[in-house]
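A, B, C, D and E are the chain letters, set down in written order, and residue numbers restart from 1 in every chain.
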Amino acid sequence: MVRISLDSVNALFAAIAEREALYIPTDTAPGIAQFKKWQSGMEMTERLKTSRSAKDFFFPQTENLVDFKVSGKKIDIIDPREETEDFVIFGVRACDAKSFEILDRVFLSEPVDTYYQNRRAHGTIVTLACSRPSESCFCQTFGIDPAAPGGDVSAWKREGFLYLEPITEKGRTLLSGLSALLEECPEDAVEAEKESIRGILKKLPLASLTPDAFGGGKTEKYFDSEKWKSLSEACLGCGTCTFVCPTCQCYDIRDFDTGHGVRRFRCWDSCMYSDFTKMASGNPRLTQKERFRQRFMHKLVYYPENNDGIFGCVGCGRCVEKCPISMNIVKVMKTLGEDET
Amino acid sequence: MQKIGVFVCHCGTNIAGTVDVKAVAEALSHEPGVVFAADYPYMCSESGQNLIKDAIREHGLTGVVICSCSPRMHETTFRKAAASAGLNSYMVEIANIREQCSWIHKDMKTATEKAVILGRAAIAKVALNTPLTASETPVTKRALVIGGGIAGIQTALDIADAGFEVDIVEKEPTIGGKMAQIDKTFPTLDCAACILTPKMVDCAQNEKIHIYAYSEVESVKGFVGNFTVGIKKKARYVDETKCTGCGLCTEKCPMKKTPNLFNLGLDTRSAIYIPFAQAVPKVATIDADYCNMLKNGRCGVCSKVCTAGAIDYHQQDEHIEEKYGAIVVATGFNPIKLDNFDEYAYAQSPDVVTSLELERLMNAAGPNGGTLLRPSDKTHPHTIVFVQCVGSRDTSGCGKPYCSKICCMYTAKHAMLIRDKYPDTEVYVFYIDVRTPGKNFDEFYRRAVEEYGVHYIKGMVGKVMPQKNGKLLVRASDLLAGEQLKIEADMVVLAAAIEPDKTARSLATMLTASMDTNDFFTEAHPKLRPVESPTAGIFLSGVCQGPKDIPETVAQASAAAAKVIGLLVKDKLKSNPCIAHANETLCNGCSSCERVCPYGAITYVDKEFRMPDRTTKIRRVASVNAAVCQGCGACTVACPSGAMDLSGFSNQQIMAEVDAICR
Amino acid sequence: MQEAMKKRAKELLASGEVTRVIGWKKNEFDYDITPAVFESAEEIDRDFRYDDFCGPNLSKFTFKNQKNDTKTLVFLKPCDTYSMTQLITEHRVNRDALYLIGIPCFGKIDIEKIRADGTDGILSIASEGADVTVKTLYGDKTYVKADVMAERCLACKSKYHTIYDELMGEEGEVMETGRFNEVEKLEAMTPDERFGFWRGELSRCIRCNACRNACPACTCESCVFDNPDTGISQKAAADSFEENMFHIIRAFHVAGRCTDCGECSRVCPQHIPLHLLNRKFIRDIDKLYGEYQAGEEVGQRSPLVNFTTDDAEPDIVRKGGK
Amino acid sequence: MPISEFKPKIVAFCCNWCSYAGADLAGTNRLNYPADVKIIRVPCSCRVNPIFILRAFQRGADGVILCGCHPGDCHYTTGNYYTRRRMTLLFSMLDYLGIEKERTRVEWVSAAEGAKFAAVMQDFVKTVTELGENKRLEDRRCKKP
Amino acid sequence: MLTNREKEQILISSGVDVRKCMRCGKCTGTCPAYDEMEYHPHEFVYMVEKGEIEKLMNSSSIYKCLTCFACVERCPRGVEPAKIIEAVRLAVIRKQGNNHIKAEDIPCMAEDDDTPGQLVVSAFRKYKK
């Protein structure tokens, strides 16, 4: 366990940025924090969550896959990928850190998504424990402990110091290069911080939410539930929940005619959109109710069924905060879960 | 798979002089979809056209691009050539490399580069062209003329003369309009009735013409060639087919105190009446507002005296529907109401009259049998003041902003006639400008001044004050003399501005014909299509389109008739296929397109749609009438969902051109 | 007001005058409000809510959940009535199947403003009079309501209801609250500053379409940005151009139809002040073509499908003559 | 790129009845204007969707000019009146977003105004050349590599 | 074109567009104070257009105007000659200094029997806002 005074944290950032790209969450507009490439003078946000999740680093909203160069009647195929630089993401919360594992199960299983794999290999994650969880947080529902946030390096803020603990080899390498700035320290302060966080967790309004009613094998139980109708009736069919979600991993592949060729790129898709998975025969999910159901069934039933019981939600609460009509997974879990008891 | 042929024209040296045509053909031959590229000295020559035709047949071309002169020049030529080789004529696009390239650039390299880009744009467009066919609609060979004044009469006579059926709808009991009320016409001073009434009789006797007098248009549906018009025949309480027009009833009717509207209320008539002696149809009409029988069931004199048994107190309005191929609007005008002009004391003194009232006062069939007498005391007026521009050229909001055009001339006529008949009467004309553009017009006006001694004074009347002695004190400025005049006049005549008939506005809505802010109908083009409304099949005749005198009205009436005849001789109407069409699945039914359409080509229908969840839903969607749409494309931009597109100039095509140019 | 609304809704349901009621219900937290259809007195008793958090514009919700074969009661705040009127003008809802009740609005609270203040862990929140009391895990706080009211409510254009079958509470008036101040501020900037401002704002856009899907003017059967046949469909802004394109065209498509209800900015998860684009169009229209408020009365002709022969020339922009 | 070498790409939308004919007349009279201008023929200026204008910028145009009949002379009577409103508002919005207002223009050119057409194009090309490359509404994907 | 500063001033302060005048003379034809005046309403309009302000300012005509607004009422083009005259009067007063009548002075003037009634009515019209 090492620590550094919060007053010197900029020196730490500078030292990291000297070697590789560093991204920290910073305020970009009133009430909006985003990960930005660190530059001298940039302050870390006080906010708990960035408005978008950290999945962008490995699975960006748009990504070029291949270019076709067209000249007259000739077509050349070009791989647009360039050498990826190493980078550090600082201040990832436990929920987002956990989301990478969920994404890994999708993108790193055969056939491996080499675009994702490449970015994942170049990134080092420094997590930060959540000193002040929000009312919308429910990560503990999915067994995540924001007091021990994981990642390659875990960090805690307490009483003017930033405490750092390497978790993985990558993390140890990162910290070893920074040893000049860091001092060894006992673990008491961090233990106290963990206790404080866990104390707050118990008091969170969503503390009692459990996923027990869900998991693999529940498809038949919920698929035809009457409740989907009233749950989904206000859904606007926008992609807010999907795009702020750290675990949503669906994408669309599109071709863009650049005038001198075609760029094939992928971009996030949302199961809430009416053209999601649209095929020549039409759309398999005909109404918003079905599209709405897809999102939650995927996170709560289909994903665990295919992934050893792990849920496709990390309880970050972004969708709870951002949904324009305040309809979210918590409400879905509570409403459908009523049947269980 | 596209198979596009590119043909580059040298146009002698017109193009080849500055554009390397061979290089253009070579460059374009590598474009996607191009299977054939050639150049030729004169593409529009017969052998040039044969080159195109042969290539279409030989290579099975699906599209043709011709790099040549402006499409305004030879588009039709090349379309015909393509069609004769079995390719849809709308699969041809032209790259204008002469007017817009070779002729404006001197440098060979620059011009060649540009020509290639223009060629590429045309190729990109033609690749998205779809075969189009002009749609055909049958034509109902019958015309409707709305309004039975001189404009309507002339139009109807001319159309009938060409052998087509034509109906006149006139809201008054007789045709004739304003001209029937006029005494003499300028600049010839011949009697209006003498030249008008023969035409009225011609109308009545022409078997191709049917007159719906005392009738109004209630509804108009359909489009050019195929209008369905609802006509209301107002109850006359006299059976038109039985009435002989003998006039006995009008003599015997006890209700003699009915205002005579034909004489503008200057005298009275009976409740059952024939507007004037030469009325067509010469049939009596009962004025329901004054007839005792109709009001309280006590009288019935006319019924008793009528030997033909034509009186029918129980007659009801009759509603008729007729089909027409063309409609002519000839709704005419009225002098404006003078309520806003207190300063001229029109409401206070009966001796202040409008010019039209003066016409009646001077007319032999008028209230005084043709002798000019003051309405108040029936004495001879010795001083008469004419005021010009009463409500014309008035932007203050009281009158009309435009010049009423006819007042200068009829005032000169009035002044001259009065001086001629009553040389002891002094006549003053206050004018702002005297406007006399027209054959023999200025000469006419000068005669009034020089031969008849009419006092023309540059200036305006500021106030007319009725005096205790029955005279009218006129205060006016004489701008040239720089003095304020005070004239004691016996009569004041106001040249009231004219305005379109009040019924025109609602009619325009029914016809979807556009109007300007003054309620004059707008013409399809102010210079080149002055007798057509922008709405296809609707034509304009007379003052409904703008102020006019009689010869101009008659000229326009005949012109409108010529246009109608040109339409009615066709058995079928072929329409430009480059028109808008709505994709019903995308259409919101929001009416944006309908509101910008200048032709009223868009209507809405309720259609049943299958929803994604297999339910059905009835939605309101736009439908474009192919016969009416002219293909401007205003609707395509007004449409937010992109449901409206224009054949021949589709969104995709224009964007492909943009892309090709910017590449 | 909430109780009166519940009572009236239940009466109308009981009498059979209406079979459905569209209103708001509370969700997970005090500030979490979801539009909802109520079909029974029990549902109303249990869930119906009307308070200072009921921001969502029910006109769009009504459009999406309309039924022709039965009558639906809809509660409309003043700004919702403008949207409803506009939807009726555009034939997008069937007036005959609606029973509209106008209700007063005293300004809605923007929870994001409270969050932006650093207040987190909100356990309960209550708005009474001028005070907003927030109880959180980390201590309690009281705000002056005006400080945490939504931007659109601070610049409220009208407390007047343009359409209703029945009005509850008192009728308000059209107001002058300087809603164009922000637009004017931007107009006063140099083009470079404006460009910088908008790049900064629009670059946050995640193309979630919340603005479009919440907008009561965006009711197209299929949006041009979703329809692959238009050639401009986009699923994500793959280039800064597409961020501009989407927002310019969206604003243009609703120009003259936008009632300035402010839903776009309310729902934006990235806090982009989208209403400033729409207000620019409204401002230009007012200045160039005369004051025009969309949704003021049924059957209005939008300035974009209208003209006068002496309109300003497009040059006016280049010459800065405005 | 030095200004002297910079050749702007200009897209000109011309209505078929007046401005396209005006451009033809400029050609007939051999009135020179820069080859950077490429004309797209549309039936009426009211056919031009703001999307087309943005599309041109996206694809690399540096200036877009729209020509139509003089107000009141529209072949379709009222088309250019709508164009006038639409484009005024669109240009104002572009200006509001900080995009150079000199890159877009509307000109009314009649079929008889060949000389005006050439003069307008010369002036517009000059203005756009001075502004340089379009950066604010470019799509980097469409730049030639 | 004849322009000068005084003309601009008059045009601005009167808010009148003299170019709208079509020289009909109706204003002069209707003017009750015609006989008293050296220059008449239409001449005022025309002279201001020509920029001959000096002549007007020196003429007693500007004080003969009763401000009865007959000319304004009757003008078919909405030119409002009386406002021009008023503006010229104001220009004279400005040159002389601030000795013009204030709204609060009017009531006591109205009590004076020698004050012409027309003046009082005019004053009320002028200050009615």
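Just so we're on the same page, a residue touches a chain if its C-beta (ideal position, glycine included) is under 8 Å from a C-beta of that chain, and two chains touch if they have at least 3 such contacts.
Predicted model only: the values in this text are computed from it and were never measured.
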Self-check item: Number of hops, subunit C to subunit E, where each hop joins two touching chains
Solution: 2
Self-check item: Chains touching both subunit C and subunit D
Solution: A, B
Quiz prompt | Label of the chain whose CA centroid is most distant from the centroid of subunit A | solution = E
Practice problem: Have a look at A-D versus A-C and report the one with more C-beta pairs in contact. | Solution: A-C
Quiz item: Which chain lies the greatest distance away from subunit C when centres are computed from Cα atoms alone?
Solution: E
Exercise. Please compute the C-alpha centroid of subunit A, do the same for subunit D, then give the distance between them in whole Å.
Key: 46
Quiz prompt | Distance between the centres, which are taken as Cα means, of subunit D and subunit B, whole angstrom | solution = 35
Quiz prompt | Centre distance in Å when subunit A and subunit B are each reduced to the mean of their C-alpha atoms | solution = 68
Quiz item: Taking each chain's centre as the mean of its CA atoms, how far is subunit B from subunit E in angstrom?
Solution: 45
Practice problem: Note the residues in subunit B that touch 2 or more other chains, in rising order. | Solution: 596, 638, 651, 655, 659, 662-663
Quiz item: Counting only residues that touch at least 2 other chains, which ones in subunit E make the list?
Solution: none
Quiz item: When you check subunit D against every other chain, which residues touch at least two of them?
Solution: 50-51, 55, 59-60, 72, 78, 82, 86, 141-142
Self-check item: Contacting chain pairs - touch in the sense defined above
Solution: A-B, A-C, A-D, B-C, B-D, B-E, C-D
Quiz item: For subunit D, which residues count as touching subunit B in their complex?
Solution: 9, 11, 16, 20-21, 23-28, 30-33, 35, 38-44, 46-52, 55-56, 59-61, 72-73, 75-79, 82, 86, 118, 142
Quiz item: Inside the complex, what are the residues of subunit A that reach subunit B?
Solution: 70, 72-73, 257, 259-260, 274, 282-283, 286-287
Practice problem: Provide the residue numbers of subunit A that touch subunit C in the complex, in ascending order. | Solution: 28-32, 34, 46-48, 51-52, 61-62, 132-136, 200, 203-206, 230, 233-234, 236-240, 242-244, 252, 254, 256, 265, 267-270, 273-275, 320-322, 324-328, 330-331
Quiz prompt | subunit B - residues contacting subunit D, complex | solution = 70-72, 96, 98-101, 103-106, 110-111, 113-114, 117-118, 121, 514, 522, 524-526, 534, 578, 596, 598, 630-634, 636-638, 646, 649, 651, 654-655, 657-659, 661-663
Quiz item: Contact residues on subunit A for subunit D in the complex?
Solution: 69, 256, 258-260, 263
